[in-house]
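In what follows, a single structure is set out as structure tokens and then discussed.
Labels run A, B and C following the written order; every chain starts at residue 1.
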Amino acid sequence: MLLLLVVSAVTFAIFFLVPRLGGQTLDSMAAQYVGKSPDPDVIAAVKKNLGLDQPLYLQYWNFVKGIVVGADYQFGPDPVTCNAPCFGYSFKTHTEIWPQLVDRVPVTLSLAVGAAVLWVVSGVAIGVLSALKRGSFFDRLSMGVALAGVSLPMFFTGLVVLALFGNGEYVPFADDPVAWAGSLVLPWCTLALLYSALYARLTRAGMLETMGEDYIRTARAKGLQERKVVVKHGLRSALTPLVTIFGMDFALLLGGAVITERVFSFQGLGAFAIQGVTTADLPKVMGVTLVAAFFIVICNLLVDLVYAAIDPRVRLS
Amino acid sequence: MQNRKTAAAIAVAVAVSLGASACSSSDSGSDGNGGGGNAKADAALTSVVNATDKKGGTVTLEHASGPDSLDPGNTYYGWVQNFSRLYARSLVTFKPAAGKESLEVVPDLATSLGKASADAKTWTYTLREGVKFEDGTEITSKDVKYAVERSNFAPEALSNGPTYFKAYLDGGDKYKGPYKDKSPEGLKSIETPDDHTIVFKLNKPFADMDYLAAFSQTAPIQQKADTGASYVQKMVSSGPYKVSAYDESKGATLVRNPEWDPKTDPIRKALADKVELKFNVNATTIDDHLLNDAITVGAEGTGLQSKTQPKVLAKAAEKAKTDNPYAGALQYLALNVNVKPFDNAECRKAVQYAVDKQSMVDSIGGSVKGDPATTVIPPSVAGYKKFDLYPSEGNKGDVAKAKEHLTKCGQPKGFKTTLTARSDRPDEITAATQLQGSLKAIGITAEIKQFPADKYFTDFAGVPDWVHKNKVGMMMMAWGADWPTGFGFLDQIVNGSAIKPSGGTNLMELDDKVINDLLVKGIGTVDTTARNATWGEVDQKVMENASVVPLFYRKNLLYRPDSAANVTVTDAYLGMYDYVLMTSTK
Amino acid sequence: MSDAIKKDSPAADTVPAQRAGDAKEFLSVRNLSVHFDTDDGLVKSVDGVSFDLKAGQTLGIVGESGSGKSVTSLGIMGLHTSERARIGGEIWLDGEELIGAGPERVRKLRGQKMAMIFQDPLSALHPYYSIGAQIVEAHRVHNKVDKKTAKKRAIEMLDRVGIPEPHRRYEDYPHQFSGGMRQRAMIAMALVNNPQLLIADEPTTALDVTVQAQILDLIRDLQKEFGSAVVMITHDLGVVAEIADNLLVMYAGRCIERGTSEKVFYEPQHPYTWGLLGSMPRIDREQTERLIPVKGSPPSLINVPSGCAFHPRCPYADVPPDNITRTERPELQQVSDGHYSACHMSREQRDRIWTEEIAPKL
């Protein structure tokens, strides 16, 4: 909770202070949310209605209060109540942020979860096989491709994939599960390629290290079949560091796979973040930042729990 | 050994993918669906291409980001003004027709163009009878009045649109808008003596009133349906289509409005059954969709991206589907008359002769991107008069004459100055760099300073104090009018009253009494021919002053896929396709 | 003898061949060689080692690091899984030859007929699984029993090796045990299937001295109880003195002396063995006397010294005539019944040096 407050406060501060340092005034900031060549009256009205003329701490306080108890605002003939959690309203379009966030989470979630399954399975499998067949053609080929996968930036891979295959729009799972999967296959593969490569290399390194451990020799000395030795004794240890890494990767992805969403024109949290930043729409940015920070906190917690479940040495007894 | 093998593997993989992408894109579009495949390039500039009367089909438009708003009372973008005519009928509009006819204003909701008083300060419009909203209610003049009130006077809720009504309506500076001022009579200077009459009382003579009436801001809005900023989510249509689905980040779907009566609408045919507008589609993807005939048109109306253009122009079959209209915009160089040595007209004239406009156009991509300009008003704007006060062979500039004028202004060896340009407009930067070269040839050293577009006017070039302090003599500028007449084009850039402490667009700080007076006289002239002639005069005077150096008239490269029908370019909306006419064979 | 046999070849050992089928010898190793094909060259970790072991007997294999003692034991267990290992010779376990038997057959014997315990029980046990689970696993690999039965057996074994409250400790993880308890647990795991051969690779090196004694006692007791053959590998002569019936001294992958513990300790017949004895700390020695280390460092196993592998470090390399220590590899020769030494010096020379120079200093 404290972390979330800190993150939100920092974002808030950056949003206002950086332009100030660059010499911008509140008026010119307010002018961003208005059409071309605006009237001073218009700027004043916008400033007042968005609360930009209030002191920073008050604006921040109102923002936090809104999340907890909701807020009232007015962009028309009548006042409207924005129920808790109220993340405010877009500076540009005056629409509520929270419902938009909620709409976008499934998109980003679909993207993240699908890609995660793909890259973990493929990355680990390739890594294990490469480690076991160290030095073989398979090993060298897969590590070579993995090196390429890790080095190729997402926008390159994504654009190549797009140029080769084209892609349709996102279809919500509830509407049509088959179409949903179909629309996601290419972004999944693109995203997974990068991470799969990384995980293959990590798994291979981890496996090589683990398979050299003494307890592997003991397992064999007991007469265990090689497959059991590899999976039950070797893989289990090799995967532990990957859990931490995966937790972080996945959490960051939940905050919005920005580049992937942009390339494939998906309306997830990442695209929302970009829009917020390019239109200087503070509530959008705050909304995404908080959601992303929340996911990171949750994922870190889960990682800690999983780690303790896997490695008894870590548990508090 | 290992490294060489892996490097080879990577190289093969990359080569294959690049080769495959080149192959796939060259396949696109070459086997069209027949239909409009017989028209030539630029056919839509003068005719309606792939003309049809068949009902049916779905028009699909895609935009790389989205509109400022689809609410006709909350938008500044030309394409939205064009598009909103499908669900919002303004008092008058531009004729959906080909060629020069597209600049003509014709009545839409009103029965005829506005009737002006002799002093051009009072304008009366009569509404047609029997025009209904999508809920069956009849449209009255009060709805039009309300629409103007909310769009211009309620910036706390709707702040995107132009505020010309506010500037010209009598008492506009005092009225607080319909959300704060709940009085029943609202803004007094808009009168509605009966349900079908509306009278505008202006604070100064304004002969271009019909052009203001053509803004989407006069499309009627029911007060009972108006929720301010959120109205856009549930708009009530007055046009042939109504909104069946709207999502701020995805787009909108329009379906037929059963309450629309074609007998009350002589200008719309409404052939398509459905219209789909999609937001946030990757710009490259939009071009691909156009070339593959997967969509009907790119909504923004600025045409194909620079990187797609060469691909398309290289193939004859593809080039035949392009149109290269004027975008109604001028790229020019503003010479600030308060920064030495540009306070001396001779120095300004030297620059007029020094510029090699043809090479500049070539540097940004050739004639498909623009034509060298010699006047302030572009050819597609009413009032354009063709002339050239500083002629040179092939528009390449005249170094000798330039040097002559330099000597006359007392700077025979040239001088140093600063040139500003917008950093996120690559074409502008290219042009500025090329300009720098031309100036060097006559001894003028121009240091280029770049600034982001959204701060250009509010913080830098549009702030006279900053300009003087930093001795900025030259500023790159581009301008498109909010409405396509000489006044609409000139007033904001050459009128002394357009000089503001910040955010101004008269970068030259030109404040010439003769020019200012001519502008006032012109806008008070009711007779259209006489009025348009005045603009030509103003243009000439501005060019004599030499503080505006026109560089090139911008052009767009539009693409019409095979399935697009009734395609024509409308000069009124900055040279994009007319969305009222457009329909689809798919 | 020397003429007929080529230099530096792991060829015929002159130990009387105990053929397969001789039921008295439970384990019979003949000319075992383990070479590794590395990028730097062929590493000859074990280069022609032979010995026999009866059931109920303990053989101590002694040598410094790199002498090949662990590699030998891993070779017996069939645990050299690298593609670069080249194994030669014969290993007869209870009448069955292992090197030619194929990996799957050897796997079935591992943990069942022959078991091994290792030096560091903390790293040799999997940290993520409980002790009980690992013992159960060892049992169920070779016995088709249900989990409950296996658990009972595991607890039984924990009890047998002297771990208190075995049913509670069953669920504990390796890191929750003390060093000595951990080693006991490993012994329990190794013996859960009643193997007839137990190989202990430096089982006490990682433990305190007091705990060492307990573990050695335990191994001896279990051996008595089950009648198993034990191979004890160590660099510490003190450990082996307690427990081994026979000793095998290894140097540079070869056996240089072999015999009963008594003979090797009290009548050592090789300069290297003398060195080992001299460098062994003893309570009964004067404290002011310095330990006498074997000078020099272990030889490269890729470029093994020519002739006698020990000659660069041997103070008596020049005693045999004609420079033979540098040119000819000494073969194991019988000194007395069951006592062999691979040295070019004559019996008389060695006896004299031992009685006059070495023994007095010890």
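Keep this in mind: a contact is a pair of C-beta atoms (placed from the backbone, for glycine too) under 8 Å apart; a residue touches a chain by one contact, two chains touch by 3 or more.
None of these values were measured; they are calculated from a predicted model.
With chains as nodes and touching pairs as edges, the resulting graph is an open line.
Chain closest to the overall centre, judged by the mean of its C-alpha atoms against the mean of all protein C-alpha atoms: A. Counting C-beta pairs in contact, the chain pair with the highest total is A-B. Chain centres were defined as the mean of their Cα atoms; on that basis the chain farthest from chain A turns out to be C.
If you average the Cα atoms of chain A and of chain C, the two centres end up 56 Å apart.
Chain A and chain B have CA centres that are 38 Å apart.
Distance between chain centres (mean CA atoms), chain B to chain C: 91 Å. The set of chain C residues touching two or more other chains is empty. Note for the complex: chain B touches chain A at residues 2, 5-7, 9-10, 13-14, 17-18, 20-21, 24-25, 65, 68-69, 75-76, 155-157, 159-163, 166-167, 173, 178-179, 223, 226-233, 248-250, 278, 280-282, 284-285, 288, 292, 454-455, 457-459, 492, 502-503, 505. Residues 77, 79, 81, 107-112, 115-116, 118, 120, 123-128, 130, 137-138, 141-142, 173, 175-176, 186, 189-190 of chain C touch chain A in their complex.
Chain A contributes residues 23-24, 27-28, 31-39, 41-42, 45-46, 48-49, 74-78, 80, 92-95, 100, 103-104, 140-141, 143-145, 147-148, 159-160, 162-164, 166, 169, 262-265, 267, 271-272, 275 to its touches with chain B in the complex. Across the complex, chain C is touched by residues 213-215, 217-225, 233, 236-237, 310-313, 317 of chain A.
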